[in-house]
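Encoded as structure tokens, the structure appears first; notes follow it.
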Amino acid sequence: MTPKIFFTYFAISMTFMSVMVITRRNPVHSVLWMIGLFFHIAAVYLFLNAEFLAAVQIILYAGAIMVLFLFVIMMLNLREEIVAPRFIGEWPIGVALGIAIITMIIHSVFTIQPGPAGEYTIETIQKMTHAKAIGSLLYTKYVFPFEIASLVLLVAVVGAIVLAKKR
Amino acid sequence: MVPLSWYICLSAVIFGIGVIGFLVRRNVLIMLMSVELMLNSVNISLIAFSHYLQDLKGQVLVFFVITVAAAEAAIGLAILVALVRNKSVLHTDEITEMKG
Amino acid sequence: MNIPFPDLTPAMPEVIITAAAVLLLMLELLFKNKAVLALAGVITAGAVLYFLPASMGETFDGMFISDRYSLYFKLIFMVNLVLTILISIKYFQKQDEETGEHYSLLLFATAGMMIMASAKDLIVLYLGLELMALSTYVMAGIRRQNIKSNEAALKYFLLGAFSSALLLYGISLLYGMTTTTDIYAIAEHINEIGSTHAFTAALVLIISAFAFKIAAVPFHMWAPDVYEGAPSPVTAFMSVGPKAAGFAVLGRVLFVAFSEVQADWTAILIAISIATMAAGNILALVQTNIKRMLAYSSVAHAGYALIGIIAGTEQGLNAMMAYMMIYAFMNIGAFAIVILMDRGKDVSDYEGLSKERPVAALLMLIFMFSLTGIPPTAGFIGKFNIFLAAVEAGYTWLVVVAVIFSAMSAYYYLRIVRNMYMREARDRILITRSLTLDFALLITAVMTVLIGVLPSILVR
Amino acid sequence: MLNYALIPLLPLLAFAVNILFRNVMGRRAHLVALPAVIGSFILSLSALADVQGGTIINQDLYSWIVSGSFRASVGFLIDQLTAVMLIVVTSISMLVHFYSVGYMHDDEGYARFFSYLSLFTFSMLMLVMSNNLLQLYFGWEAVGLCSYLLIGFWYEKKSAADAGKKAFIVNRFGDFGFALGILLIFVSLGTVHYADIFSGVGSLQGSAINIAGFNFDLITLIALLLFCGAVGKSAQMPLHVWLPDAMEGPTPVSALIHAATMVTAGVFMIARFNPVFTLSDTAMAVVAIVGASTSLFAATIALVQNDIKRIIAYSTVSQLGYMVLACGVGAFGAGIFHLFTHAYFKALLFLGAGSVMHAMAGNVDIQKMGGLKKYMPATYWTFLIASLSIAGVPGLAGFFSKDEILWLTYNSGALGKVLWASGTLVAALTAFYSFRIIFVAFHGEFRGTSEDEHHLHESPKVMTIPLILLAVGAVAAGWFGIPEAFGGSNLFARFLAPVVGHPEITGSHLEEMIVVALSIIAALCGIGLAYFFYVARPCVPVILAGLFRRAHSLLWNKYYIDEIYDAILIKPFKWIASYLLARVSDGKIIEGLVNGVPSLIRTFGDRLRNLQSGNLQHYAFGMVAGLFVILTVIFIAVSR
Amino acid sequence: MSYPLLSTLIFLPIFGAIALLMISRSNTALIKWTALLLSILIFGLSVPLFTDFDKTSGSMQFVEKHSWIPAWNINYTLGVDGISVLFVLLSTLLTILCVMVSWNSINDKVKEFYAAVLFTEGAMIGVFCSLDLFLFYIFWEAMLIPMFILIGVWGGPRRVYAAIKFFIYTLIGSLLMLVGIIVLYYNTDKSFDIITMMSANYPYGLQLLLFWAFFAAFAVKVPMFPVHTWLPDAHTEAPTAGSVILAGVLIKMGAYGFLRFSLPIFPEAAKAMSPAMMVLSVIAIIYGGIICLAQTDLKRLIAYSSVSHMGFVTLGIFALNTQGLQGGILQMINHGIVTGALFLCIGMIYDRTHSREIAHYGGAATAMPVYAGMFMIFTLASIGLPGTNGFVGEILILIGGFTVSKILGALAATGVIIGAAYMLWLYQRIFFESGKDFQSRFGAEVPDINTREIFTLVPLVLLVLWIGVYPSTFIDFMVPTVQKLLQRVNEAGMQPGVIQQITEVIK
């Protein structure tokens, strides 16, 4: 029962925060709501025995990405944003489409038949520790995507420099 | 025990909110954040699946998603900076130089 | 803990090209003349081509597969890469902007595509796709002083991120239902879950993400704007590379992972294909900007190529691959002419070209007729090949639809020809020639005609 | 065989030389054309002698068109009928050639004229000498072409060019039927050669053909279709309209083509096909009625016309009616006989008229003439002889042939009686209008200007000698066929009988005498009336015209036939062509579709373009909406 | 035959065209002479087709066969039979005349012009010689490109519209045929071999579908009513050489397609559809003829007359009997000669007066007597006067048509009247009436045609008379082939259907 209550809280608050993120007039407020959301997500990860990812979530997302957002917002110094309309003119269509798609997805996810269970039971992971379990996978079986991820980051770095550097 | 479907529904809802945010906000920054929202919702469902399937592939993927999200944020913000430097707008309905 | 060193032979081309990409980044600092980088890029491609035939097999613990299918696509990517490099040099010199990164990004993007073509696992596929996508976003916006370039990059980026989120959601659902991300392993589970809505949703989400990459309706709308705004060589690159890569993964995922539910995705793709041909051709008809027109034409061509996949046979897949190869030649050829012209943005800028620059006009003529699909050009062979496969699979009616749209496409391609040959120039037409551009034109034109006359060099 | 082949080939050669070396030949064109036609004439005489001697030639020169079972050759059938026609054609042609040397002397198109004449002679000879239908058709069309070229000889004059075209096209209407007839013969009998047709046609008797659900008697249909050709070529009602207009051509042409030879080709063809025609009573009746009514109809028009050539032209139509009538009552021999005599006196009339026009500087209005007798006596006397001959004054050529026709018509049953009555009436009318010309143009005082009067002169010898020669023919040609009732032997009819047969005579010699007497009376009445009207009481015709204004204007306007055709045929046709087909069907419907669909697509494209608003969120709308639609559809499909 | 004659005929012009493009632009004399000599050489090379052709055989001759695209079982197969051999000769002959007539009238982009003409020639010959359906299609479509350029670049004021219309119209038809070709391929055990197809048996339903697919391409090309509207525009706007090629050879390809494909490959369908085809043909004859009467533009009139004349051709073909087929084929040749010649003539006078309006003319006969004479001959041939080639073809077609259906035969024969009406009226309006007016209207001196132009027309005059007087020379070529074709069609069973009932009604 308790986990369900906790989940209910998280679900409600996360949904609320998400809505706040997309509705705030001031981007800074959005970012702040987003950070709040990320903390909640990290908590959910903990719920699901993914401590390492919960940490990454907070460090990387809340710590790095969102700060990057804030930097940019500050850098761009968008004062007129406060008075400009928040939504595009056709927003009802957008909302309708969004709701439609949620409906379709929720409708379909109820039919999910979970696949066969794997070998990483909670006990196994706890024995290995989560970070090690993930790490060994990343450096053995998933070393190739791992390398690609490095390239992705490299491109991101190069790209960001190329695009954002001044003349 | 919380059923798997609850997580998936939560993920779907947040995904949907992300979609709506992407569809209705004029501000490019918020749109970018909506995309992040969508990615996070995917992460939730991946980890939930991973947990319930007793398999770590989903979590590995989450790891990569977070990496890519970071890269995307960097590139996206860089593009935005370049754009705003040229033409200080960041509302989608003002970025319609090309159409038709 | 023992970390085994993976066998790199099958992935040699990727290794070479990434290494070269990184190397180029460093070289960029050393050389003022960026043409050196281009040269290095071409050499890299040559090396890749050299290693291609030998690189067969699986590696990285089942993450990566190099088979004939992926090799063929890699060949297309190499063609695309070399031609794009050749047409890039003069363009960026003319624009007077530093673009050393352009070449390494080209290589990175190509590496991404190659990884996509070879991906045996959805995770690899996703990362390859992102590598390619991120590189192309940057390339699209590389003329950062140019508003259109910015706008193109922004649109491409936002919609691209949106679509990859859709892909991810699809992958996550699939993962939840199969406990695996291995494309080949997924196939084993399809029987149990194939009929659930969740599975269908995953299928649709994944297809839609790929449809975005190949610019198929209704996920095509970014294409015209991005093609128009991006620097012309990048547009040429984008109209072939990511599209081919999209087709590569579409083919592999559908034929391997979803082979059991072929009826489902065939139905979806038929609808998409018809809509794509229709929208692409109809909208191309009303364009005045040549790059936009080529963008819509590229959309339409995606529709034709999709028919190869719809056929659902090996022959259809082969036809689709051959089509992408042919498309690479004729489309980049057309873009090369666009780049050749000092002022070649608008369809009307081509008025009187045949009088002023007969050779350029003749080449453009060849490309236009090839894009229309008139023999004896490669474009005809490509379409013929596709139609052949589709008819064999029993989709004669779809072929009829395709030929009708194909006839419609003649309208807008002919408009260019008309302007070149049947109108008088308003003022002098200036062109900037260069050795590399000439060379690119030579290759594309010769191949366009040669494949048209001797299709055996392409058709296995 | 060669000597027969040379008959048409000599003129052809002359044509080739004159047309190819037109500039070299120039005024010397006749030096080639004349010897050629004289040669043909001589060869024709020898052919006649051969036939007389009993040699009938029916031989192919070469196979012209061979396709499967269809075979048409170029070949010659020289029998009695052909021999007569050869004589008529070559003799008249020769005389006209002579005459033209004088008549056309000052014309710029001298060489062209002679080359056309040669071509015509060639074509006409091919026509009459043919041994199969297709070659006949060749000649048929080729003479039509020559007629077209010669009518429009003075092409700078619009009326001439129009008349030529009209002649050709009106003839094509007849030829259309004729061609269908040929096709029907081929389809039913599998051949186009005379000999095979005539031997096979009997087997068709009684067989019917079903067209669009209607049954037709096959032979009747064939005969009527062939007759269509004759109606066109021989200017029978209702296709007679081209012949009067054809007078726009040079007068020698009118004499040769539109009086003596070409227009009689229809009669010749009916006579040639007598084995077919006689098998169908219906067809024969139609032929007879058309002939008789044409004859009457044309004669009435001729009464009031003032154009000398037109009067003669209508007279020609009328006389052709006689010939057709003869054929229709089975008197083919009589028809050919009349053809023979008519050739001479009618050619003479035309050439005489030409001589008059030569003197009148091209003026053709008889009201402007008068008293020409004293200026051009040779012309006058020959013209008078011709008029007497055509009027049917006993002893002259026209008398014998016409009375033969009237007698045999009278002789052919109940319908024959009616037709005979009309024929006799026509005889009176013929006499009247012929002598109207004599009295108005040659007698009395000259009514033209004094300047014109000054110009009046007799024609040169090269023109008058042919007149005189023709006058001899106009007098003597009839003596070949003096009927037995007058103690003659009817040589002509007997000569032709092997080919065309001879109708059975049921009446007595007495009846024949009465018939002849009546026609003589009719002729004399006609002449007398003409004298009364135009010499004794010149005011009478004017008063009559005033009294019967309606009737007069009806005749004066040739029964408004041209106007009627214009209103019911030409105008609607032009409307169909330029409005219904060109503007509506092609312009609006087909082109509307052809251009409309692309422009529709374009419009649609423009609409579609608005969706591509440039706002990237709208693009995302598209994506999401697409996703939603695909999902919905596929969910519905899957759950079903 | 030891050396590849047909390949030479196809590729000599094509490589010649490429060679022409290499010549310096300014050296127009060299370009013209090269083109002329090339075309004469090609004609000379094609003469053996005429002399060495075995007229007693109905099978393919001068056959060449090489593997081309083994993956699709496509061979490079060439050959001619009694139907196609004459068209090859016609193509080579007309090309010479096209080069000659353009001598002075094309002054812009000279080398491209002659290159396009030669390229067209190669493709045309290729169409007639191909014995592989794929190869056929390649040539069939390839010829659109140079034609499009010819019309669009050197044409009249509305050339662009005409060129695009021509292109799209034919393209749509051809593409539908392409689908048919592919379907046929799979039903022939994956083979494009035409000879194999000619002896294969396809189910009736398939035949019917494929018949219509091929019909789409051929009917547009012929052009049959109601898809004829591209023709007036294309003919009218094309330069003289373009019109000549269009009228002389290109539109024959449609009818040739019927003969080569529709009849022997889909015999049952062809038989079943023949009434419908005949009705369409007769409509074309009458419709095309009547509409000529409303034309005010010289070339447009001749173009519509082509619709009418080609109606005769298709009528003959679908009569499906010896006379009809032979007449149809011969009439194709005839029409090529006559209409080609008429367009040449019009081109010549247009070079002098720069007007295509009939109303501007009148009186030309005085100024240009030789020209008037030549024109007269072609006019007469067009009308189908006996003694000219037009008559031979038309009479055979009418016999063929009449044998099948009296009413259709009779209606078709009305085309003869209409033909006379519009052609003579045209002739009158150009040549008759005052010659002085003509001279003053177009400047003092409008010279008669010169020696070059006379030489351009003389071969056609001779052909007109030759075929008119002794057609056997030409008919003999096709006798065995037509017989074979008919045998093939007649062996096919008759399929009952709606069409049959229509047949009953119109018979």
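Each chain gets a letter, A, B, C, D and E, in the order it is written, and its residues are counted from 1.
Just so we're on the same page, a residue touches a chain if its C-beta (ideal position, glycine included) is under 8 Å from a C-beta of that chain, and two chains touch if they have at least 3 such contacts.
Here the structure is a predicted model, which means the values were calculated and not measured.
The fewest steps needed to get from chain A to chain E, moving only between touching chains, is 2.
Chains that touch both chain C and chain D: A, B, E.
Ranked by separation of Cα centres from chain C, the top chain is D. Farthest from chain B in terms of Cα centroid separation is D. Every chain gets a centre from its CA atoms, and the centre nearest the mean of all protein CA atoms is that of E.
Sorting all chain pairs by how many C-beta pairs they have in contact places A-B at the top. Centre-to-centre separation of chain C and chain E, using mean CA positions: 43 Å. Between the CA-based centres of chain A and chain C the separation comes to 31 Å, rounded to the whole angstrom.
A straight line joining the Cα centres of chain B and chain D is 96 Å long. Put simply, the C-alpha centre of chain D and that of chain E have 37 angstrom between them. Counting partner chains per residue, chain D has residues 598, 609, 612, 614-618, 620-621, 624-625, 627, 631, 635 touching two or more of them. Counting partner chains per residue, chain C has residues 123, 127, 130, 134, 137-138, 141, 144-145, 153-155, 158, 162, 169, 173, 175-176, 179-180, 197, 200-201, 224-225, 286, 411 touching two or more of them. Looking at chain E, residues 168 sit in touch with two or more other chains. Listed by label, the pairs of touching chains are A-B, A-C, A-D, B-C, B-D, C-D, C-E, D-E. Per the touch definition, chain E reaches chain D in the complex via residues 165, 168-169, 226, 228-230, 287, 290-295, 321-323, 326-327, 363, 365-366, 369, 373, 380, 385-387, 391-392, 395-396, 398-399, 402-403, 406-407, 409-410, 413-414, 416-417, 420-421, 424-425, 428, 431-435, 469-472, 475, 505-507. Residue ranges on chain C touching chain B, taken from their complex, read 123, 126-127, 130, 134, 137-138, 141, 144-148, 150-155, 157-158, 161-162, 164-165, 168-169, 171-173, 175-176, 179-181, 224-225, 228-229, 286-287, 292. The part of chain A that touches chain D in the complex is made up of residues 88, 90, 93-94, 97-98, 100-101, 104, 107-108. Across the complex, chain D meets chain B through its residues 609, 612-617, 620-621, 624. Residue ranges on chain B touching chain C, taken from their complex, read 4, 8, 11, 15, 18, 22, 28, 31-32, 35, 38-39, 41-42, 45-46, 49, 53, 55, 57-58, 60-61, 64-65, 68, 71-72, 75-76, 78-80, 82-83, 85-87, 95, 97-100.
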